[in-house]
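Following this message is one structure expressed as structure tokens.
All chains are identified by letter, namely A, B and C, in their written order; residue positions are counted from 1 within each chain.
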Amino acid sequence: MPVQAIRTTSTARNGVGAFILQCKRLDFHYCDHWGSSKGMNTFLRSPLIARFAAAHPQIQIHISPRPNTHPIIRGLYINGREKVICVRNLEKEQILQKAELLRDANGEKVRRMKGGRLVGSLNESVRGVWDPFHGGNKEIIGDRIVSS
Amino acid sequence: MAPASRIGAIASRTSLHTTSGSSYTCLQCRLLSYRAAQKSNSSTKHLPSRRHASGFINTEKWRKKIWGSENPPGQEDPYGAPGALDQRRREQGVEDPEQSAKEVETSVEDPDDVEEDVTPRGPHYKRATTWEGLERVGYRNWGKEQFDENYPFEGFMDPKLESREKIVTAVHRALVEVFALKQADFPLVMDYDAGDVFLDNVDDFLLRLAKEARFEIDATGEGHLVLEDQELQEIIVGSVTPREDADEEDEDSEDDIQYVEEREEDRNLKEGENSERLAQKEVGDASRLETSSPAIEPQVVEIESPAEFETSDQPVTDEIPNPSSIPDRLLPPVDNHWRNVSLRNPEIKFAVLKRVMQLTGIRIPDPDIANITNPKLLLAHLVKKPKPKKLAENLLANEVAELPNVQIWERRYTPIHKEKEIGRWKIIEQELEKRGLPATGDRIGSRSEALNV
Amino acid sequence: MKALRLLRRSGSVLSPRTRPCCFIHQTQYRNPLPLNIFRLQSTAPAQYQSAIEREDDLEPGETEPTEDFFHNAPTQEERESILSQLPSPHPQHAHKSARLSALHARLMLPPRLPLETLARCLVDPSADIDPHFNNSSLSILGYDLLGLYTSEAVLCRHPRLPTEVMFAAMWAYCGPKTLAAITREWGVEVAAAPGGEVDPGYLQCKHIEAGNASVEGTGVQVKDLPILATDPKGKPMLGEPGWRRGVSSRTVKSDHFGDEIKRTVLDYAERPELRQEDLQRKLEKGVTLETASTNFVRALMGAVYLHAGKKAAYNFFKAHILSRHLDFSKLFEFRQPTRDLSRLCAREGFESPVARILSETGRKSRSPVFVVGVFAGKDKLGEGSGSSLDEARIRAAVGALKGWYLYSPLEVNVPSQAERGGNWEPVMVDGGEVVV
């Protein structure tokens, strides 16, 4: 029988070709009435939000009132999850920090890294994983162990 | 026991069985059964009606004992027979409303016996099963609403002006008028024209005021009105009516005047500026008596028509063709000194304040009157600060709104908005309509719907 | 290779059109629209007033739209309500959608690609049947472009790849499942139901009924409905659908992934009504999300090519498709690798392959390890280890074959990116897999 093929899909490598920012939308909710929203209101009136939105045209910015609640920033990500931060009683610079935090996140749950691994890869090792059958074989000659 | 057996007979006929099997039934049950029996069974009507129809208690016996005589006072059957009131009514031949209502009730209950004229029904009459669509009577505040419809409230002040430009114009006009009167040696508090009927064109008048009326403040700080055209002064003077015309007028108008005075006095009492008014009146009297110049009289006579005797406290009608926003040419000039004219003189102050209140409909609280020393402060009390803008309005005017990736909503972003964006809302509406449910709000027949009737 | 002058022939895609919606398509609208509703397709942002331009290819019989209806135009709200009754959002709404602009920026699309075209790419034919406003034409172009670029990339990198594996590689890079995954990775959401009021940034299609949805009025699921029996004819004959073709014919007659094309161009040429039939069926039944996503990505590819040119299109392909990781060695499935290897050696003139034990351990134990190498003469072709001699030998043969098929030159020059007048060295492409 000739060679058959197994159909699989290719895996995305974000950043190798094009880089897709994982944060696709940021909702800014404020309240006209509550005092905890003062900082958020100032933030929205200031040029900070305009600069942020202009610097990230790939993020959809949604600003709407959410009356009689604390102000929040909600980030929606490409993996479908969302992250919400309540920014009550924060100043506008702090709110910008939170917005940047959401922008930099990727929507995954915040987990402890297993084994302290910082880098993962799809590629196999370049020199191959060690096995006892190739190279460094020992021979027993007489009473000595000599590498062959 | 004769009564017991009779009771038993009646009870059994009307299927009233005692559970325990004893022959005791309570008073209420006995009463019910008797009444039911009377209604249903015609035969029981022929039963010898007891002397005491209210029950089977021999009250007579006890009454005799209590009163200690054979014929106790009072009615023979105080409990069963119709009461004293009913008896009196019957004697007088007046219908008993309760009875007639009962008759109506009973007649209506039996549809077969219904008479055509008893209740107003048309050929399309259909008995209602719910209250939808029926006229509601007697709900909360129903009485108040009925009264309000027939006797609508009419205030004596003009409706409040809201526009800043109109208020500024009114203050300026009041100032000019009062100072013109002062310069013409007139009493300061006068009856101004109601509805500005005297002035042919209010716009023109205001225009002239804006152009020609200037104030100058001299070294002492007193303000003086400088009119470029004396005609203006004459117009102003001509448009006022002195408060009293006790001397030279016709007799028919005397009653009117008295009536007018009475009304005014009443209002003055209400307003609480009694002393000032009376003082003004006296002053007015004095001044008028002194200066009975022929120039004034014909004008006074002219104005002596019933319409003009209406006080200027009446609401201004829609005759004034003022647009909602006053064009700039009618506004008094900003660089004029009129805003700094001193109002410390109580006569002038009160005349100005009164005229301003008449024109704008805005009352100034008494404690604040003492602190008003110039028109600038007066305007501060009259012109309200604009309501703070909602943030959404600010944002929409901002540069943020221009960015293509920014969406700003004025109102709360609800699930319905989301569904509309996604396109699912129309499907939801269709499905709800299929099931006869409203797309928004509570179910049909909710409390809020009922209260909105 | 002569460059396709597609830019000039893209009239139906790019130039402004002021045609009334077809009467045929009126049935698609929920309420009959007033006849003077005009939709526009243009590269420039559409304005109501500027849209009335005479088209050069307007037939003489067609009357020009008058300006009167703009002056008698309804109020803003009425206009919006009329526009919302269209089957897909009006092109002028493209600039109001933050979602669409964000998508444009996220994919770093060339600025010459207007938002209206991006919005059009998101409209599936099952949402809007009008070919001027859906992505059907763009997706055909994109399909061909993707097929071209992917096939040449695969072949130039691995010239000796067997055809089946090549088909699988094509499917892995630009097959429907991958394109659906790409759509999700781009953050494109799907609208619940198509309509004119939907945000243009959503992918709009009519969803096919889910297999586990219950048929209306009954408790039966759609997938459990008895299939209408087709007459069992037995094995299909040549020419009939379902007839298994060999690999060689599939290189000519199949689609890019080696799958059979249900209705070919010839079929449509013979019976043009089939096209309408297809469209109607899509409209009624709907499409799967995978199909809609595939159409979208292909349409976007075509749109980039048309608006921004060849280079931009290739860059788009490289950035989004070619950058994806695919392990070619995992695509192979051998049945008789030793036989294939011996035929290959015979074909290539090597000595016939011999398997030799390189090392072993634990032969009599429960878990022996044998390392076997396949040699053609003195050259080791491949090596494999296993827990039995046979397994080791087979693995060695597989390794040898993979080593042969997965040969990749150091420098890869793709024909489509050859410069005009530059030096073009022909790429090596092998004869194919060994015929057994």
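Worth a mention:
Following the convention adopted for this analysis, a residue touches a chain if its C-beta (ideal position, glycine included) is under 8 Å from a C-beta of that chain, and two chains touch if they have at least 3 such contacts.
Only a predicted model underlies this, so the values are computations on that prediction, with no experimental measurement involved.
Centrality by C-alpha centroid: the chain sitting nearest the overall protein C-alpha mean is A. Looking at which of A-C and B-C shares more C-beta pairs in contact, the answer is the pair A-C.
Remark: chain A and chain B have CA centroids separated by 64 Å (rounded to whole angstrom).
Centre-to-centre separation between chain A and chain C, using Cα means, comes to 29 Å. The distance from the centre of chain B to the centre of chain C, with each centre set as the mean of the Cα atoms, comes to 73 Å.
Counting partner chains per residue, chain B shows two or more touched chains at residues 404-407.
The set of chain A residues touching two or more other chains comprises 57-62. Listed for chain C are residues 98, 101-102, 105, each touching two or more other chains.
Within the complex formed with chain A, the chain B residues making contact are 390-392, 394-395, 398-400, 403-413. If you check the complex, the residues on chain C that touch chain A are 98-99, 101-103, 105-108, 162, 164-165, 167-168, 171-173, 175, 177-178, 181-182, 184-187, 201, 247, 318-320, 322-327, 330-336, 340, 358-359, 361, 369, 371, 385, 401, 405, 433-436. By the touch rule above, chain B contacts chain C in their complex via residues 404-407, 419-427. Across the complex, chain C is touched by residues 1-14, 16-18, 20-21, 24-25, 57-62, 78, 122, 131, 133-134, 137 of chain A. Chain C meets chain B in the complex at residues 95, 98, 101-102, 105, 191-195, 197-199, 202, 204.
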